[in-house]
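Please see the structure below; I have some questions.
Per-chain residue numbering starts at 1, and chain names A, B, C, D, E and F are given in the order in which the chains are listed.
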Amino acid sequence: MNKVEEFRNYRKLMNERILKSDNKVIKRIFSIDTLAYNEGFLDSKTKEIVGLACSLVLRCDDCVKYHIEQCYKLGLKEEEFFEVLSIANLIGGTIVIPHLRRAVEYWDELVKFSK
Amino acid sequence: MNKVEEFRNYRKLMNERILKSDNKVIKRIFSIDTLAYNEGFLDSKTKEIVGLACSLVLRCDDCVKYHIEQCYKLGLKEEEFFEVLSIANLIGGTIVIPHLRRAVEYWDELVKFSK
Amino acid sequence: MNKVEEFRNYRKLMNERILKSDNKVIKRIFSIDTLAYNEGFLDSKTKEIVGLACSLVLRCDDCVKYHIEQCYKLGLKEEEFFEVLSIANLIGGTIVIPHLRRAVEYWDELVKFSK
Amino acid sequence: MNKVEEFRNYRKLMNERILKSDNKVIKRIFSIDTLAYNEGFLDSKTKEIVGLACSLVLRCDDCVKYHIEQCYKLGLKEEEFFEVLSIANLIGGTIVIPHLRRAVEYWDELVKFSK
Amino acid sequence: MNKVEEFRNYRKLMNERILKSDNKVIKRIFSIDTLAYNEGFLDSKTKEIVGLACSLVLRCDDCVKYHIEQCYKLGLKEEEFFEVLSIANLIGGTIVIPHLRRAVEYWDELVKFSK
Amino acid sequence: MNKVEEFRNYRKLMNERILKSDNKVIKRIFSIDTLAYNEGFLDSKTKEIVGLACSLVLRCDDCVKYHIEQCYKLGLKEEEFFEVLSIANLIGGTIVIPHLRRAVEYWDELVKFSK
């Protein structure tokens, strides 16, 4: 199994397990998480770019993977992707670089996988 | 002196003091900081929105103020501003709320000051 | 005006301003924030202790103040308060100490104010 | 070897290696770490809940695993466990969700392993 | 009262208040905090430089002030000070810049005050 | 392949991939990253110690590995290494301990590999 499928399967499996717990607070946070990136005054692509950049500066690899998937679906181009990375790198510093490596690796796998 | 002028003056004064130290590394970081938000594959407004959201989740009030100023100059509307805030709040959690309060206060002062 | 009233007034004023914006995502996060600390399988006091400790290790002074107020209302004693502080200090390191200082200062003001 | 044993073995092995270095500062921090969660004005279970929640918002998977083990030993029930997770998720935001997934996975493995 | 005296007085006052609580965990952390920066295999100046840089990347202004005082006492020169700042800025990113401003301001006040 | 080679190969491969993107901002940050640790008013060893400690408190395992390699090349001794770890542990708290484990493991592998 490649990295893309591995990530998607684990995410799906564990999200279902978490929601099965029937904790109201967690369920509501999960449902807001869908709502927040819908088209609004800002379009979804801009919002997902924001999600990607925030995930990078907060250095959460799984969050980065998720937002890479969403950005890619919404048509983000490679040059734009690297600009998001560059701003995150500048704001968050060199400490973000290892996450840049894994982000670019995932982007490349996703592009290959999507063909 | 109002909060807008106070922030701008202190920022300008201390940036000059820092650059006078003639430390090459700091000077280069400062110069990249200008470069990074220029029009590119992504437009400046999108980049400044990213800067604002990252500053919020990293909970840096002065960075938030700076990017609010840049966003405002580039025509960000209040409804859009609150959407940036909402995504930062969701990603960064309730710990971001005190920074939301100060961000909205600064936005309101800036709007008033700019009239 | 003392620190307790100052904090409460600013918090109330800005929360109202934020909610007036009518952003659905923010409104829902604010409403979950009330829900989450209600009596459940864990009692409210335990939950507020958790809120206080998390605010300390994340080093958010305003969040600390808020949870100090809630803990105090729910009968947290000074010895218990310092035990919460001690675990936060241990987990979060000496970087948390300046926030301990401000937490204790606020606790003392609140006790005095509540008499 | 399952995840529970793997974690315990690595933790034990490396703690011994670290303590063998005979660095006084590290040794004292390790010894306070035992002291801090003892019964006090707050009971051990409450303290371990605090340890778990702080580890989640600081997003340290190994710390989460350790406190899950301690909480489980002290009788934390699954419903209580999810309430701790929910508060951490709310305070720390959606960035905490990947750590929730791994926490729940570890909890499930621990329950299975302990039977 | 200038910023140097204000910081020192508040720090002293609140440390005394905290230690008066007689919480063993906090007292031990405070006492390790003194021990850790003593001459060892590394000299105190190197250790205080480390303390300063860590405080900057963790963005704790009061910790920065404290380590500036210690570094200054141990003979750190302005050029060296700016090199510490530059590495912290690079590692921690532009989000550290507001803390650089306040660090330089405090350094300048300390130099003036110490004359 | 051992952990040292694995880390070096992945780092080299992905850095090349990132730089191939020809994003100016990222390229400049990478080039400053080389510049910053050169001999200056502070010597390279002190700067790399700072890099190591900052990486530890920011809890970035790959950054820790990189600076361990640099420190080792510049002659850092094991006793000094543990003193850097101890200060990072004190400042950053027990949340840093899992990163200490992996740092010591990598140090040991590097020493063995370098023989």
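The rule is short, and it goes like this: a residue touches a chain if its C-beta (ideal position, glycine included) is under 8 Å from a C-beta of that chain, and two chains touch if they have at least 3 such contacts.
All values derive from a computational prediction rather than experimental measurement.
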Can you name the chains that touch chain B as well as chain D?
A, C, E, F
Chain located farthest away, centre of chain E as origin (C-alpha):
A
Could you label the chain A-chain E interface same or different, taking same to mean over half of its residue numbers are used by both chains?
same
With chain centres taken as the means of their Cα atoms, state the distance from chain A to chain D in Å.
27
Chain E to chain F: how many Å between their CA centres?
23
Sites on chain F at which at least two other chains make contact:
24-25, 29, 32-33, 36, 54-55, 57-58, 63, 79, 83, 86-87, 89-92, 94-95
Among line, ring, star, complete and other, the chain touch graph is complete
Chain F partner, complex, touching residues on chain A are 59, 78-79, 82-83, 85-87, 89-90, 94-95, 97-98, 100-102, 104-105, 108
Of chain B, residues touching chain A in the complex
29, 32-33, 36-37, 40-42, 46-47, 49-51, 53-55, 57-58, 63, 77, 79-80, 83-84, 86-88, 90-92
For the complex, give me every residue of chain F touching chain B.
24-25, 28-29, 32, 35-36
Chain F residues touching chain C in their complex are 57, 89-96
How about chain D: which of its residues touch chain F in the complex?
10-11, 14-15, 17-18, 21, 23-26, 29-30, 33, 54-55, 58, 60-63
